[in-house]
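What follows is chain A paired twice: with chain B in the first complex and chain C in the second.
The block that comes next holds the complex of A and B.
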């Protein structure tokens, strides 16, 4: 799973030569064997490394604050969203819905690595949602739809249809 | 298409609803559509319109590069949900877009904009004429005729005193009419009295409250008939 995300990320970053990854342990932690230096392991570590290699530091946040927020959401993605159960999913969606109410991106006013990785990880959760649930979490749905249509991000994942006209109008958020 | 009057709260509510499931006015990247709507809004939306405010703040962050955003500015009426017309007073972006276009030799959209601006102007004039006509018409005062049943405590209650009390109620928009005593049984009579009220000024609740206030005489009061005039 993580390997496909990393290769999608590589494509988005425009890295020419694909890296070789291997996996480690039961949880299939991705490992990048670089030519010079020790091997890197873990999704976020490798993703940050790729961003730096592609010279796109703005994806990790422009200001000190947004760098911190990006880190926070990367952590959230790996610890909470990755491998979540159906019960967790509800809490995650509720959290995110509240957080995204007044935001377009997770951090600051531009797309960051946190948006991309969270999109990859949350895709299966959104795929499971009914139309009604999507409307309940309208802020998450809006963010998700935005990211999945962001130029050249969505590579290995199918587009999830999001209804633009409401069916259930008696909803409060 | 349009948002109604973006300078008023109603227009902002439409915008807020529209943006609840969108990050931008059009598509998935900021464009001239966002700039056009942004410029039509005079001040940040209030905090309870969270979607509009989120969008507003986000577009504000593009202020330095607003001219380089993709797309061509269109009149406000071309954006927003279907079924809502644009009624923003003094469509600034439309005229602005026209000015910009006029500088170009190759003017594809200029004439379109002009037509729309003219149509908007015509519409505004008609609206103003209609509003003026409406305001000249004297407002019709809605009146109702009410028949009340006022019941005394027992056969020893002085009915003429009771009627006197009821008729002593004076209110703006209330005129008492004819009355008669109707026997109920066991020598008890009830007072049946008519009145005409102006709906805006007098309600049956107020009447009941005032009449039952004479608790020495009045046991209860009912509305026997209620007719709009």
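The block that comes next holds the complex of A and C.
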């Protein structure tokens, strides 16, 4: 999965020459063999490298503070969301729903690498939600729907239908 | 800026050490383990850094990286790689090891759990042939990894049999004044026992086998 995400990210970034990746260990950690330097391993490390290669530093945050926030959500994505159980998924969606209550993006006022990688990794969790559950997590689904309709991000993943009009009106948030 | 930490929480070792190394301007407040500082997280999570904008950082690695960046030391790609490895590979093993040693009293079994990650570290240090993980100077990667390993590597009774390169590197970083001072504040000179009340409140870690069989979206 990590390799598909990296290849989708390459396309989003408009990198012309696709890189060659291998994986290592039981967890299939992606490894990038680079021509000028030692190999890099780890999804986040390689993704940050690709962003720099594509000269899109704004995707990593434009201030020290937003860079820290981006890194924090990247770490959250690979440690918490990736490999999450059903129980974990509930807690993750609850936390994110509260966090995104007053936000359009995970960090600052523009899209970042954290939005892109979290979108890739949270896709199966959102796919599992019923219409009612989507409404209970209205901030997460709003954010998700926004990112999945971003030009050229979606690539390897199907679009998930998100209703914009509520059909369950008894719940308040 | 305000940093919230709690006694006996191993993740707080990292940020207190980074704070001293970088000299970041920041108030420190010790709170109870159960205090919910980060408003959007359901589980109490410490350490937490309240940023000037009003946002909270809740990842100890992101907090350390931010303090180093304020100090003019931006994290290199090699640093990034070590920080990611620490979060995805070392932390799950450490959590399991601390749970065994502190909660279950099975200190003798800890070395099995940590052998894999310690070997990775040892091989890289002996191949790199530099005093620190990313070169000739201490970086955020050294501070994060050394303080993460501090509770287990400073406990000689665990007999981890870490390789020679890890031992030399650990002794070098752990001897820094900032590391010693952070360890005193968090562990209170009680070693592993200093973490007991914190560890008892943590959910029991999944063992690596049961993690493999669980649904996984990777």
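The rule is simple: the second predicted complex is superposed on the first by the 173 of 173 C-alpha atoms of A that agree within 3 Å, B and C clash if a C-alpha of one lies under 4 Å from a C-alpha of the other, contacts with A are read in each partner's own complex, and residues count from 1 in each chain.
The working rule: a residue touches a chain if its C-beta (ideal position, glycine included) is under 8 Å from a C-beta of that chain, and two chains touch if they have at least 3 such contacts.
None of the values given here were measured: they were computed from a predicted structure.
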item: Partner with the higher number of touched chain A residues, chain C or chain B; value: C
item: Touching partner for A:10 - first (chain B), second (chain C), both, neither; value: neither
item: Chain B versus chain C as contact partner of A:142, first or second or both or neither; value: first
item: Chain B versus chain C as contact partner of A:150, first or second or both or neither; value: first
item: Contacts of A:115 with chain B and chain C, given as first, second, both or neither; value: neither
item: Chain B and chain C contact sites that coincide on chain A, given as residue numbers; value: 101
item: Chain C residues within the chain A interface of the complex; value: 39-43, 51-53, 55, 57-59, 61-63, 65-66, 69-70, 77-78, 80-81, 83-85, 87-89, 91, 211-212, 214-218
item: Contacting residues of chain A [partner chain B, same complex]; value: 101-104, 109, 138-139, 141-143, 145-146, 149-151, 162, 164
item: Contact set on chain A toward chain C in their complex; value: 1-2, 26-29, 38, 40-45, 48-49, 64-65, 67-69, 71-72, 75-76, 78-79, 81-86, 91, 94-95, 98-99, 101, 121, 123-125
item: Footprint of chain A on chain B - complex, ascending; value: 20-24, 27-29, 50-51, 53-55, 57-58, 61-62
